[in-house]
């Protein structure tokens, strides 16, 4: 039986107009699907296009950005084709976003309760009293205790983790089908991070919301995401079940990325000096020009002659696991 | 062997004077003691608010301690008069987490690294710039970037510039305050490798401050776990990872933990 | 909160004390005084002169004079005017009132125009309409107040549409109430135009910059991402965030209510504090001068205090910082 897909992205292309005149090809044909209540981890480093992807899903690109092709189907409706009124109604209630720096994403002089209330006000026709009650309910879901204090607090009175939870509260207020989280834990320390991840899982379990969790830290996705999408230079390098992608990655970029992490259970003192970590040679490509062949080719250790001229398409391997690498003959289509 | 730096019962208390006029004291560092041997790396691991940054600033002589002693290269820093202290400061350098904030955005990379040499005085500008360029090449910033401004560089490159700036005065101790936390994973690996190489070449001593236990264990021989201004556990890195005693260390190990699913370094899929 | 208020009031008192000291001693340092000028009058006999000198205690050392003046001040007595031969306070009040009439109207008008115009401009940043507006206001910035005032007066004289100076017509007292209002208003038009034209460009730019910055802020994008409607974004999110620098400016506006219109009043013969003080300075009527200066300072300080209080009320970050410790 096919899983119901709440979000389907088909061949998404996004470009930015640069002040110097050229074009920056941020996303070049990204396709994936997210099932109801699924946690999809998007793994990407700086320049991969992950933030562009997040903003595109809400059609919230800055002035110089434009969706140049593809479709974003949210429960069947194409976000790319929507007009301003439909988009306004969609954002926050059909799909919502959690930003990276919570301290900046919250309004500095509005109480937390009011900020959540504003989201409700924008989408639901509740009376003031109903809004307040519903706000308390929502805050109760994201904060274990201290709900009253946080309801009337201002953002600067909360810790980093609490601010992030408040932001998450705003995102789930209208129980959207999908929540896009762009590096929500990057500014937090490790124990707080774990708490936020647990919160996402519990919200998924209780409310059936699907999460798109964007990060550059693969370690966060292990034991958390259901599936993982690896983004490189605006394209999907690899996409599959989290366990599969993280423990037996097929794409050379994924393999290289995962091997960069310091090994677990390591003891530098025992070996005298720390060993050198494997690194990926070179730097991500400039997206001012679209490359002819595979965008990872210059840095790839398993590159072949073929790779420079041909762009790999997605090769299906086994259970919903696809790789865009010419090592696999199916990608040379 | 005589430790390069020895800290004994260090206390740092902040007093806040706010609008209303009532002063209040907040103890950031509460009687902390440790020592680091020359050429070794001590990792200070703790959550935000544990006092690590206050400690870092104090050791770099940017902030005075309330009480306690710091012995560096055998000398008591608190007892030194200002002129002698000025001579010692270049030997202890601090590198910050966010290079965007700690590098002057209007200066070129070359100038940022050459500027500290002005302390030594009297050498002509050309010579200073040559030394800076050499050091920048050593840390991986090639000639084409010398006239760029920090805003034009990537996060990893900026951190390299910050490292070069810290090394130009040939310090003995580098205090690294969360220097890797803002970087992408693959870039973290590159910078971590750079730090290891530099340490090997110049016998540098590192105080590596972080909340990432994995990276701490990778880079440091010894780990001290800090919480609420105190060191709650200290010992060899491997031991802390395998057998954490304090609850704070345990939760840190938990947070760094069981990505047994992730492929180990160097192994083939 | 109370502590904060007390501290600010104490600061204000100190400031006023300092200003009064400075004003007094500087006036004393200036060579000559009213009575010396009188001596030049051939009709003045030397006995009369000595009697006057004794009466006004000009012989006493400066410090003693200051203390007796300060003492009188605390009892509500602002001193005595040589030129008018009358106590200072009753001379100052009506003129201050006239000035306030002018400046309050002008200030309200300036803010009423600058706020919506600046907000609108910020939303259309860089577009042709915004650029045109910036150019227009720059033109006003370049033209000196004096030139504008004189130009408008010439226009008034030539066309006869508006009165050419003064506050009320000659036959004012005989007018009906409605006629009185109309008369006053027609006299106010020109000076208010000049005041508004001189203050508007700067304020408009500040409003535009503050709102533009708020519109660009991450929390606004985040709110947009939550589907908050445009109008609500502007009024509930952007404007309150932009308020901080604007409140400080508003306080400054309040502060210059008494002092900002000197030039206009003199040129347009408006019987306000400005021309009166000017006259007094030239005549060395020292107590009038000090009284006027003190009055203006009081307004300045009160304006800043009002701004501080408004900021305290408007920005929770300042409030909690003050209350937490």
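A, B and C label the chains in the order they appear, each numbered from 1.
Please note the rule applied: a residue touches a chain if its C-beta (ideal position, glycine included) is under 8 Å from a C-beta of that chain, and two chains touch if they have at least 3 such contacts.
Computed from a predicted model, the values in this text were never measured in an experiment.
Compared on C-beta pairs in contact, A-C and A-B come out with A-B as the pair having more. Summarising the inter-chain layout, the chain whose CA centre lies farthest from the centre of subunit A is C.
Rounded to a whole number, the gap between the C-alpha centres of subunit A and subunit C is 55 angstrom.
The mean-CA centres of subunit A and subunit B are about 31 angstrom from one another, to the nearest whole unit. On the subunit B side of its complex with subunit A, the touching residues are 41, 47-48, 154-155, 184-190, 192-193, 196-197, 200, 211-215, 217-222, 236-238, 241-242, 251-252, 254-267, 269. On subunit A, the positions that touch subunit B within their shared complex are 45-46, 160, 188-194, 216-219, 222-223, 242-243, 246-250, 255-270, 273-274, 276-280, 283. By the touch criterion stated above, subunit A contacts subunit C in their complex at residues 58, 60, 88-93, 96-97, 99, 101, 104-111, 118-119, 121-123, 154, 156-157, 167, 170-171. Residues 217-219, 221-230, 232, 236-237, 240-241, 314-317, 320 of subunit C are the ones that touch subunit A when the two sit in their complex.
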